[in-house]
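Each of the two complexes below includes chain A, the first together with chain B, the second together with chain C.
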Partner chain A sequence: MADPTKTPPRFVTTTVEVEGRTEERVVEVPAFPIEPWGPEAQLTHVGARASRVDGLLKTMGRAPYVTDVRRPNQAYAALVRSRIARGRVTAIDTTAARALPGVLDIITHADVPARTRLFLPEITYFGQPLAAVCATTPAIAEAAAALIRIETERLPHIMTVSEAETSETLVRPGLSHNLMGGGPKVVERGDVTAALATAEVLITREVRTPCALHSALEPHAAVAEWEGDRVTVWESTQGIFRVRDNVAKAFGLSLAQVRVICEAMGGGFGAKNNAGAHTFVAVAFAKRLGHAVACVVDRPGEQIDTGNRPSTWQRVTIAATHDGQLTAIDLEATVPLGIAGWEESPGDIYHELYACPNVRTSVRIAYVNTGAMAAFRAPGHAEGSVGLEMGLNALAQALGIDPLTLRERNIATHDQRRGRPYTGNRLAECYAEGARRIGWTSRATRTASAPHRRRGFGVASQVWSTGGGPPAYATVRLNPDGTAEVLAGSQDLGTGTRTILAQVAAEALGHRLDAVRAVIGDTATGPYNGNSWGSMTVASLTPAVRMAAEEARRALLDAAAGILTVAVDRLATHEGRITVRDDERSLAFGEVTAKLGNVMIQGHGSRGPNPDAVGIVTTGAQFAEVEVDTETGVVRVLRIVAVHDAGRIVNPTLAESQLEGGIIQGLGYACFEERPLDVRMGRPLALGLHDYKIPTHADIPLIDGHFLEGADPQANTVGARGIAEPAIIPTAPAIAGAVADALGVEVPDLPLTPWRVLAALQHAPQRHSP
Partner chain B sequence: MRLTLNGRPVDVDPPGETTLLDFLRDHRGLTGTKRGCDRAECGTCTVLLDGAPVYSCRTLVHRCAGRAVETIEGLGTVDAPHLLQEAFVAEDATQCGFCTPGQIMAAVAVLARDADPTDEQIIAGLSGNLCRCGTHPKIVRAVRRAAAAMRTASHG
Partner chain C sequence: MTGFAYHRPSSLDDALAALAEPGSLPIGGGSDLLAGIEEGHAAPTRVVELERIPELATITTQADGGVRIGGGVGIALLAEAPELSAFPVLRAACTAVGSPALRAMGTLGGNLAQRQRCWYFRSRVGCFKHGGTGCAAVDGEHVYHAIFASGTCHAAHPSDPAVALLVLDARVEVRSVRGTRMLDIEALYEGAAENVRSETVLAGDEVIVAVHLDAAARDGAQHWEKLTQRGAFDLALVSCAGVRRTDGSVRIALGGVAAGPWRAPHSVEEDIASGGLDEESIEALAARATYDATPLAGNAYKVQMAEAAIRRAAKTIAN
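Then we have the complex of A and B:
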């Protein structure tokens, strides 16, 4: 029995998974227990197809993006970038630029705090910022930037993993080795060598995946304005609090001196998780000039210096029994990371997705002289799943087993990496529902639209940790007129954060949805929340919102009980009214709050710890139907069926939008997207959206996206898990599988451009269309 | 020079090399038209010039002398949205929303040409407008929905 004299600890530690990495975190235990909403919970607003609350503003062109911020006397900055990949700056001549009418200021290395790490004279990649100019208009700033002369001394650059491994030269100062960790990162479970030696069936495949660019249509942008010793930064970001940290550190400020605002942002996909050179440039100029300065990255800058999904080479070997039980998976992979970044391993998914007792991944991650990587929607998993799934397809063929059947036989029932159960994994249902929707068993009857075209089908699966976790905070307050506000220092990337926070608060309060408004995107008004990354926002923040709303509701009911002179436990709330059990009387929220006047009802919510010793994942399967033109090599994706299990879906409309978005990005990754490198000159070649092709309206297949009904009450009190990243993981391998099915030959490298398809066809067995 | 901006004549004297996009955003404060690339690649800057969609980032404002420019700000208001704007909300045809004004302006031109366009015509009409959030299926649905609503409105 609990000792009543001892209060339970208020702060404990818990495990949180971010983008595949596990972190230990301190967490505040919620002040009172909340019964999770299980699958049977009768909910009004949560689960409803509520309209996106800021939708109309966006269609009006009135959503306030950072690029639309206009402050008094606002000036505009432009960056000057390196035109070589490695070397050093020997001289900078700003005379001509300064002479241009409208130019206000120019800064180089000596003019910025060292901790910004801006304009370093050692050049380590093409596109590195070396100077910046500020002018009265963006056009003048750009013209002036072109007039700044920078003389450099060129040094040999390193662009590939093999060069990085063998070269004596380090790609940048401060490294002890060009390989991250000094060698391959090997992770092994079981005994792979022994299992391979006794394999009944064995396949090996090599695949390459391209370097992909996030390409959000809104560029990276910041506006900075100082008031005394405080600075306000408007930033297009996935994490206002992280940007606040970055700015405070770089400029030696206290956190209280920095305010970061992001009301609307035009897409991030992982590339907008931190302050960037543009942020520091805006802050530095604004301080020097005494008025607001905006710095917007231009499109070539976006392409070369705001992050990317690195390319990979993967060699996968899979062993299985004759009846298709996996016995060993062995991966060797390389990743040219760029000049900086974190360990984004294509190996992780090999350990997780399919049941297999012996798995070894050996990944060499090399620093090279190209722009730094940045997390890009399902970093690591999106790349790794291509090799793993293509390996599985090859195995299915070697075994003479249907590729779907092979996957169904190898579902991972628990978290194999950590030896713990999942709170739920309904992948088997996803396979069954997806197969039904695409007509998997009757697919052979679907014929191509012309004799020179071939039809094919593919399937792939996905797993991604989506438990979210603390810290995440929210405040819910009631106004004197009975309307409610949710305050949270989070941000809406286009995912619908504002809308779902209002839905959860309305549900927990028992309020009308139109009477609840979410106020987010400002470090000065909302309590701390982490970045919107890792598919974490819903599972992290909505439980905190629920708790804040429950606390506000308790206070409201206490006040109502006094007015009605009844016991609190006889009161209930529904759609903005307080009702009394066995009594006709009822009160509108506004009647109670009006009586209180400006005495505020406020609830505070914090996200509690994650459950111990369980894995929380979203799983799913996607099926692709394609047609390949054997004369032109053009791949046409006709249909994608996607079925995922993400626990409770707070808003099916928004979830479907995000799912379709992930699928379409995955289609681009499979079919078009590739940042080529001129290895000899050390420069990336796709400097715009014409030479880096993302999907257009004409490329979009029929998409049938579906979520299994249910909830995950073990995961958190709302029962929801994330969906952003799960959406993209299986798309490319499902399409690649379908293309191989159509052609009867694999196209080993992505993207599946016409020339790759035609090259693969030359090796295809002769096949005649019926 | 004089041009008609969202139905109203305006007299202006911008420097010769000013693009229509810079003119709208930086001179007139009409920030509904977005600058996604400034190099004729993305379509976020789409406006109508005498009813035809153009990339305003590649249109010199001097080319607009005596002509009619329509931007998203001229289309509808929060209290009285255009049917396309209503349809975009109803179909959730906006995620981050950065491409949305451009998509809608291109769609206005599609519907002006044909009151009952096929999906192929809609897709062709919007082919110059990128969307990185992958909202395409819902955008096409929204245009179809708006077309139906506009036909009903004009018959009713």
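Then we have the complex of A and C:
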């Protein structure tokens, strides 16, 4: 029994999952307990379809993106990049560039702190920055960059996993082996070999997924300005505090010397998690020149040097009983990672999505001489789900079972990867609702629009850890006029964070939504929050906002109780008014705060620890309807139905919008997107959005996105889980399944281009119309 | 991008005089030229605007029913021009160009004279048009490239209208300070696979003043299809234009398969014109049409696409 005289510990350790990785973290325990909003909670603002608070600004072109920042005497930097994939710099001649009027400064390796790791003379990929020039205008900077002559000694490059494995050459200095970890990473549960040996039904498939580029419409960009020994950086980023830390470390500054601001963002998708070369270049030039410097990555730079989702090769073997119970899953996969990156394994989802006692994944991740990978919306899972789901479709066919039925029979009731329960998994309901919406059982009656076209349907599922977690902080303060501000050092990637924080605070305060404003995107004004990544922001931050608002509300009620001379427990708040139970009297928030004057009501909120020994996931299913032209191989996606269980949805409009974004991105991954690479030259060939094909408006199908009603009070006090990454995971495999269904033959490699479809059709059995 | 002067001429003569000076390039909507300047394979010191010159900006229907289209007329305008209602294949081809924004900016002359979109050419690497030797696409990445080789360059010409104009027997009126000449649209692209500076035969000082459509090309049966990966903003993997004239003669052309628009063999056209084709004979003649195709290792699918497109064209215009 706890000793009541002892103060409970203020700091405890909890586990948090970030994009598939589990991290141990010290967290602050909230000062007072808050009853979670369960599924039955009657809420006014949370769950409402509130308009995006900065929607008008964005529509009018007035939202301040980094490229809109204009500081006094602002100058512009441009990067000079390597035109070879591997080698070393032997000489740099900047004479001609320096002579160009308007050129202010040029920096190379010797001019920057070693910790920036900028302009390394060892060239390890095409597009590596080797120098930078700063000028009075972007055009002059670009022209000068073209005048910088860099002599290089070329060395043979390595572009494939097999080359990386067999070559004596290391792709870059500092490696002990071209394979990450020196060999395959094998993870096994149960006894796969034994289960395969006794399999009743067995299928094996090989699939390939492409290298995909984030292609955010807003490029990476930074503006830096020094004031004395402190620097302010405006950065398009998913993590203002992380950029702060990166800049402080690279330039040997204290954290108090660096301020990072991100007001508006035009897409990150995982590629804007850190400071980049452009950040350090802006900071370095700004220091040398004594005025602000902007560095905006151009489109070719975006496409070759800001990260990617690496391609994969996957060979999946699945064993099952005759009635469709999975008995073993065996994956062998390879990933050419790029010159750097982290272990985002396509194997993880194999261990988690479907119930199976015996699972083995063996993944060989190789460093190669191409641009570094970066997290890209559901890194690993989006790739792995393609192989797993295509394997499952093949199994359904071998068993003569409907592919949806096969999935329904193998729902994972608990977290098999870590041996613990989920707070909830309503995947079965997602299947049922999705099937109803797409008309799954009557799909055979839907005929194609022309004799040379075939209609097909596919289904795929999704699991992703979306519990978020600490540390996350917010302050809620009431102004003398009764309006409220939420202060949080988070950022709005375009998802609607600003709107959602205001909704949660208005709910917890009992305030009007239009009286609450979220102030985010500035390390100087908001308390710490982590990166907006891993589908974590809502589940991490909104409970802290709620707590801050609850604390502010308590203070407000204390003050009101004094004014009204009633007991606090008789007071309630609703839409900006304080009412008294069994009493006619009421006060507007502003009437109380006006009396207090500048005695400020402030609430502090911190995110409490996650529940122990339980997995918090978002699950869901997506269904695709496609038509394929069997004469030309052209695939058109007609409809995507998506049903996900993400606990409480704070704002359905914004959530559906994010779902649509993920689905469109997944459609691009399935149908169009791949980074073309000339392996002889070691260079990527798509330097813009002409050759790297993201979906256009004309490609967007009917999207029917739906979230199950409910809340997850076990996960956090708001009951919300994340949705960003769940949205993309099942899209591509659902489309691939639909195409295979249409054709009667699988197209094993993504994207599903006409040439791949036509090639697959050559192996198809002749189908005759009934 | 380096700077350049912008010249807005007061007349066509003024424009031609300006273009006669070295370093000048004509500009229509700029959607190709500006990209070319940014990519570094065009470096004009001066651009000469053509769009607003009256002779270039108008569509005129002649007394005999022929139509003269000014080279500066916008693609979006052409796509809906009532003067072209008797040439639906051209309107359809213009509708298929790029995206709404590109159609709004692009002009017919600019579209016909645009440079190849080959990624080696655009990256200025491994391309004889940029001082290299040969064509890196042959043993490299060439999924979008030509299947009918006509020379060193294996790029496939990106113009959609050119394909429609080919089946309409359009003639191109080209002018410079040195005079005017009329070219068949086919002749405009002669040597496209070998020309370094351009894919057309235009000299540096010449501009496309107009495109002429004969009255004989009006109406009949006209067909257009563009096969792409995406629903918009894509070049043709293969496009196909077909007409059966009121006199019964047939013309079939493909885009996306050669250095310029590609005309089907006359014998194939004659067979389609002769009529009475069943499925099997249509299949046979489509196969015959692509008999001379020389696809590279990675783009043989375009032969299949081309045959499918020709079959469909034959079926729609045969009746």
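The criterion applied here is as follows: the second predicted complex is superposed on the first by the 767 of 770 C-alpha atoms of A that agree within 3 Å, B and C clash if a C-alpha of one lies under 4 Å from a C-alpha of the other, contacts with A are read in each partner's own complex, and residues count from 1 in each chain.
The rule is simple: a residue touches a chain if its C-beta (ideal position, glycine included) is under 8 Å from a C-beta of that chain, and two chains touch if they have at least 3 such contacts.
It should be emphasised that the depicted structure is a prediction, and the values quoted were computed from it without experimental measurement.
Peer 1: Considering only the touch criterion stated at the top, classify A:698 as touching first (chain B), second (chain C), both, or neither.
Peer 2: Touch partners of A:698: chain B and chain C.
Peer 1: Now for A:266: first (chain B), second (chain C), both, or neither, which partner does it touch?
Peer 2: Only chain B; A:266 stays clear of chain C.
Peer 1: First (chain B), second (chain C), both or neither: which does A:139 touch?
Peer 2: Both: A:139 reaches chain B and chain C.
Peer 1: Tell me which partner A:577 touches in the superposition: chain B (first), chain C (second), both or neither.
Peer 2: After superposition on chain A, A:577 lies in contact with neither partner.
Peer 1: Please work out whether A:216 is in contact with chain B alone, chain C alone, both, or neither, and reply first, second, both or neither.
Peer 2: First partner only.
Peer 1: Look at A:636 in the shared chain and tell me whether it touches chain B only, chain C only, both, or neither; answer first, second, both or neither.
Peer 2: In the superposition, A:636 touches chain C alone.
Peer 1: Quick check for you: in the superposed arrangement, does A:663 touch first (chain B), second (chain C), both or neither?
Peer 2: first
Peer 1: Tell me which of chain B and chain C touches more residues of chain A.
Peer 2: Of chain B and chain C, the partner in contact with more residues of chain A is B.
Peer 1: Figure out whether A:59 sits in contact with chain B (first) or chain C (second), or with both, or with neither.
Peer 2: In the superposition, A:59 touches chain B alone.
Peer 1: Looking at the overlay, what does A:690 touch: chain B (first), chain C (second), both, or neither?
Peer 2: It touches chain B and chain C both.
Peer 1: Which parts of chain A are touched by chain B and by chain C alike?
Peer 2: 139, 690, 695-698
Peer 1: Chain A touches which residues of chain C in the complex?
Peer 2: Residues 1-3, 40, 99, 117, 119-120, 122-123, 125-126, 136, 139-141, 143, 227-234, 237-238, 298-299, 301, 304-305, 308-309, 311-312.
Peer 1: Under the touch definition given earlier, write down the residues of chain A that touch chain B in their complex.
Peer 2: 51-52, 54-63, 65, 67-68, 70, 137-139, 214-219, 264-267, 269, 296, 298-299, 493-496, 653-654, 656-658, 660-665, 688-690, 694-698, 700, 703
Peer 1: Can you name the residues of chain A that touch chain C in the complex?
Peer 2: Interface residues on the chain A side: 139, 142-143, 146, 452, 631-634, 636, 671-672, 676-678, 680-681, 683, 685-687, 690-691, 693, 695-699, 753-755, 758-759.
Peer 1: Going by the contact rule set out above, which residues of chain B touch chain A in the complex?
Peer 2: Where chain B meets chain A, its residues are 17-18, 22, 26, 29, 31-39, 41-42, 44, 71-73, 75-78, 81, 84-85, 88-90, 92, 94-101, 104, 122-124, 126-127, 129-140.
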